[in-house]
Amino acid sequence: GQADDNEVETPADTGDTGEEVEDGEGTAEDTGDFVAKMVTDEGGVDDLSFNQSAWEGLKQFGEDFGVEVDYQQSSDASDYAPNLNRLARDPETSIAFAIGFLMEDDIRSVAQQHTDKQFAIVDTVVTDDDDNTIPNIANITFAEHQGSFLVGVVAGLQTETDHVGFIGGVESGLIKKFENGFKAGVKAVNPDATVSVQYAQSFNDAATGQSIANTFYSNGADIIYHASGGTGNGVFSEAINRARNGENVWVIGVDRDQHEEGEWADGNVTLTSMVKRVDQAVYQVSQMTMEGNFPGGEILEFELADHGVGIAESTENVSEEILSAVDEWTQRILDGEFEVPQTDEEFEEFEI
Amino acid sequence: MDYVIEMNNIRKEFPGIVANDNITLQVKQGEIHALLGENGAGKSTLMNVLFGLYQPEKGEIKVRGEKVEITDPNVANDLGIGMVHQHFMLIDKFTVTENIILGNEPTKFGNIDLRKAEKDVAEISEMYGLQVDPRAKIEDISVGMQQRVEILKTLYRGAEILIFDEPTAVLTPQEINELMEIMKKLINEGKSIILITHKLKEILAVCDQCTVIRRGKGIGTVNVKETNQNELAAMMVGREISFAVEKTVAKPKDPVLKIENLVVRDARDVKAVNDLNLEIRAGEILGIAGVDGNGQTELIESIVGLQKSESGKITIDGKDITNLSPRKVTESGLGHIPQDRHKHGLVLDFSVGENILLQTYYRQPYSKNGVLFYPKMYEKAKELIEEYDVRTPSERTLARALSGGNQQKAIIAREVDRSPNLLIAAQPTRGLDVGAIEFIHKKLVEERDKGRAVLLISFELDEIRNVSDRIAVIYEGKIVAIVDPKDTTEQELGLLMAGGKQEKAGESN
Amino acid sequence: MKLIKDTAVKLAIPLIAIFFGFFAGAIIMLASGNNPIAGYAALIDGVIGDAYVFGETLRMMTPLIFSGIAVAFAFRTGLLNIGVEGQLIVGWLASVVVGIVFDLPMVIHLPLAILAGAIAGGIWGFLPGILKARFQVHEVIVTIMLNYVALHVSNHVIRNYMLASGQRTDFISPTASLTSDFLAGLTDFSRMHWGFFLAIAACVIMWFILWKTTKGYELRAAGFNPNASSYAGMNVKTNIVLSMVISGAFAGIGGAMEGLGTYGFIQILSSFTNLGFDGIAVALLGGSTSIGIFLAAFLFGGLKIGAANMQAGANVAPELVEIVIALIIFFVASSYLIRLILNRLQSKKEGK
Amino acid sequence: MDIISILNLIIPTAIFAATPLIFTALGGLFSERAGVVNIGLEGLMVMGAFSGIVFTLLFESLGFGAASPWVALVMAMLIGAIFSLFHAVASITFRADQIVSGVALNFLAVGLTVFLTREIFGRGQTDYISERIFRENILFLSDIPVVGNWFFSNIYPTSIVSLVFVLVVWYVVFKTPFGLRLRSVGEHPMAADTMGIKVNRMKYIAVMLSGALGGIGGAVYAITTSANFSGGTIAGQGFMALAALIFGKWNPLGVLGAALFFGFAQSLSLSAQQIPALANVPQVYLLIAPYVLTILALAGFVGKAEGPKAIGKAYEKGSR
């Protein structure tokens, strides 16, 4: 399970971190030697998704502190281990990030083989055989369910048909967090609304995405939230086709601001997006490490409170009232008024 | 002299072999000119040069006195040269008409004008007496009709000079006669013909001149009226050939193969073999005479185990082999020389040695517990290659690289060496030259003399008559007569094969 | 004399093809503003530069050898098995299931797990085999279809019955594992495992079956000429089925190598592993011979492992390696061209 | 949900899913009818998808507006035809094994397009296109009750084009001299040669046609559905097209049927969760349904698929 007691304390915008260097404990010589590198998963640093986001955070960190940053690209799952290993054996590397939970097992063995090195992984918690975290791995996770809850609120209030949809990529614990958070958000503001859920069982099948979206929209849904990578491209295609025919349909994007995907000649079908600030997380963990506070063995959950997850900037299609409702719910979550469900069981019990 | 075709000093090489070495061929207007030579002598090559499929390294070609460069078949067509190839150049899935018009299609608004095409085809076939069904698919028509389609193809293009490369190798006697008539008709229409054949009788029957080649070299041209079989054969092979199959009178013993009331249905569910009875004894050669398509194939395949029989019983040496698997049948003492050596007889991409062991590889000493001993296999193969005079560079050469005659010898070596009590030989000499034929006939008789039963199936009446001790005539899936070759004429046999009654045949004598 | 020359030409062709492939790759690098010498130096360094990458190369080769053998075996018997991918996946799954579920001493457990992979792959090969033999259904379509079935079924089984953490199953028990501390130690913690030696053994076995057994003789004969084979008393239909089963079993063991060696688990696959499709290229590049497959797998495995270093060391996109691989296959296939050139050179020499 | 509304849901999706397959399989039909096996259809689609997106982006920026994707389709067709020359040169002129050459083509396409994408866009995927091809109602026909709803309303124009192509290809292959010659080359090249047909030239033309149509197939997929290009955009559609070609017995109408069948099975499997009667069927059964149905169909009633006779062999003059 996820532990909430290790939350990051210093949420910072990439913009104003320059100051902190001067305040920070790291000396100039220290920063000169510091090298941060990352291993991408199959998406690559330019996947318009969390690899890219991670790399942007790392680059920003490099610029702000004048230190060397680099990345290693994986072309398939069997590349993770050699790539992590390459960084681990490189005497220069100060911290190696593994971007994506798929690298969980590889980073575990590499970290256990190179106990003097510092590692961090995004999106999961790595434990050893006794379920303890590993001292030289920092675990970076996000409260996707919280962000998804907020877009659920948007969907629940915005829908005119009282019917919305969720399309997942490959079904897994992680994507379930998106689904359940979303469903909870809808339920919270619009208990009568139907939420259709379907998994494409692929992150890279736009045709299937389009077909499912077609089914959802045809059956009366008017907003679809997708957490399905490239499959989502098909969801946008379907929505744009319908929007052009005058239908009032929307897509809610995921991971980053998917405004671009929704654009067409006469409008935009992206209602908003649930963003996950991997860049923030990578930036902050790098900085902590450079300052000598490597959070090894810790579980960092970047949540709403840390601006680790949230709603995208592009919200021009969302009304003011709804946005203020979102703010209200954000506050209620921040106040700890209730827990946003992550699993199917938690959702079953979710009452508001 | 007016020659329509003059090929002077033609040389054509293939990697490692000179197929045509300084050959000259001169054909007069309006004659049938025979081209004779052993397998691999270079006849087809020479004709392919004339037809533009190959380019000669040396030599010149004149058509109607004018020097020409025949760079591809289109040029040949334009010069009025048409060729009927040794291996049919027909597309099975196309109709007769489509095959004929291919490359020269009449069109209407951009699409093929099939109606006109069919009319044209019908017209030409009428004119030359070449009966075909313009709408039938090639795969559904008889070999004889396929040949007529081949001829029509050349005529459709207005060919004046026709090349026939072994046209009779695949035909039944009736069809051969028809073809001879057609050729005469063509000559009367003013065409000229070059005919390749291994059958000297045919040359003597219809040809005017005969050019003989041996191992790629021209031996000479003779006037057919002034020569005879033996002279031609000697020119071609370079030695005397005996045409009569030398054999003593058969001494048949116990029956080996017994077939009782056999019924086999073919692919179209017709009773191809219909209540057939037959018996072959040890020490005799029984020939089956019949027109193609009267159940021969189904009969063989059901004996061999490749096709299930519907009812009836087949025994070898008293052992019931009805509907056993081919392997079980072989092991019961059957040897089989299939009629299509490329399709059924050989794995062309296996070495000669592997092919020779194709029936025995699983037995000791060539293998044990499923493990092969290649040295032993090749040892054996080498022995047989020697014994059966298979001309091959080595036992490891691919079977594909051998000439037809030598491929056939390899099959015979394989089948005969197992000393089967029953040997089935289907068309064993098809397309082979007289030298190879002589060898194979000798082998069949030898086997008989060793006390084996031999079942010979052939469309060549001469072969049946010369080799067999008894002849069974098959008609519509039944054995309609069993006759003694010595006191049956070719005409009588022909009549029986066409469904005439034996008594009648006797009466007419 | 002629024989020696033939063998020399046969050996020269792949070498020349490889040279052409790399040469073309160099031109592409030049054209795209990279330094080919640095690029290839990094590539070679990434394949044999140190014990770790070399170990990884051998690890990568292992499943490629198996899938190559699977394709080649079927190919030798006149069948085109495009279904190696699916057979590999079910083999992987089956071996992991056995590896997790049973509790046995290693001498039984490990062989049993491998056998499970072989059987599962064999069954997956049996289906197209029997359909071809009984109903003359084209094996290419059936195998393509079965790839998808394997992918979905395997994911379904994992998701519903075996999910442990994230997207994968539990680890197999150590008694079913092919991993080797000895080999890992030798290669600086690479994931090289005992499977590599099984792969070598498989090469020998394939050679033995095809060329030294009566069954192999029958299979090859049926591949070249089914008509003549049945005339010679062989059971062609049984042989088709058998060939596909053996081919599938090799593929299945290839999957077991991943499950028992490289990973120790199986995860939900969001797309094909491509190991099976690469096997087609390995087999064909290797001329469907055992030694050829081994060498081709080395080339492929090496290029794949080295590609990452090319990007790290010389900043050349890893896709370049795929281009080079494709071109090498083209040149090998176009051996007629190479023969033509060789002949030309030869006759020129003789002319002088 | 009643049957009509279920069909309303499924049929348009089936047609949409079938469209790229139809184009590509028709391409494969040309090549294989001329005796050249084309496993490279996947690679040709990749090339087409890449060109379709890149040229749409280019023409957008040049101000072609709504015409951009259509012009890009034409470009994808040309690029596909040119790219297929790799397969043609290797397998026809250099007598490479056609399967090997096709496999190499697939590798090359993915490597090259992703490499170029990186060179052009500086990352592994292209930008998104904003000018797209949209679904339209077909004049008059869409007003036909029920059927108009299924086939003519709200349909991609590319789907209609693909249907037109099926008819055109059928006509060309079976009714014109070109078609007769094409088929003769695939059945018996030597016979065709003796009839004065330039065998290898026909094969080149056929392979290039397969490249052109495969290019369109890939581009249609990219432009209507994924809206951008990356290495994973085309993942197996080419192989499905190959299957449709064989399933359809190398006949354009058969290809149409097979592609629609795949599309239908797929869309049924996707829509099933929304259909009450099928909602409780485990998803895996629905996911594998298209593939299993295909296999059953082949084994059950479609039976033996026999391709052109001389397929897979390079033609050498004078060989047998």
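Each chain carries a letter (A, B, C and D) given by its place in the written order, and its residues are counted from 1.
One rule holds for everything that comes next: contacts are C-beta pairs under 8 Å (C-beta built on N, C-alpha and C of every residue); 3 or more make two chains touch, one makes a residue touch a chain.
Everything numeric here is computed off the predicted structure, so don't read it as measured data.
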| item | value |
| --- | --- |
| Longest centre-to-centre distance from chain D, chain (CA-based) | B |
| Intercentroid distance (Cα basis), chain C paired with chain B, Å | 46 |
| Approximate Å spacing (C-alpha centroids) for the pair chain B, chain D | 46 |
| Chain A-chain C separation of Cα centroids, rounded to whole Å | 36 |
| Residues within chain C bordering two or more other chains | 152, 155, 271 |
| Contacts with two or more other chains, residues of chain B listed in rising order | none |
| Two or more partner chains touched - positions in chain A | 201, 204 |
| Chain-to-chain touches, reported pairwise for every pair that qualifies | A-C, A-D, B-C, B-D, C-D |
| Residues of chain D defined as touching chain C within the complex | 86, 89-91, 94-97, 99-101, 103-108, 110-112, 114-115, 118-119, 231-232, 235-236, 239-240, 242-243, 246-247, 282-284, 287-288, 290-292, 294-295, 298-299, 303-305 |
| Chain D - residues contacting chain B, complex | 171, 175-177, 180-181, 183-184, 187-188, 190-197, 309, 317-318, 320 |
| Chain A to chain D touching residues, read off their complex | 43-48, 52, 196, 198-199, 201, 204-208, 210-212, 214-216, 218-219, 230, 233-234, 236-237, 240-241, 244-245, 260-261, 263-265 |
| Chain D contact footprint on chain B (complex, rising order) | 48, 51, 53-54, 72-74, 77, 83, 85, 87, 89-94, 98-99, 101-105, 107, 110-112, 153 |
| Residues of chain A touching chain C in the complex | 70, 72-79, 81-83, 85-86, 89, 101-102, 104-105, 109-110, 113, 124, 169-174, 201-204 |
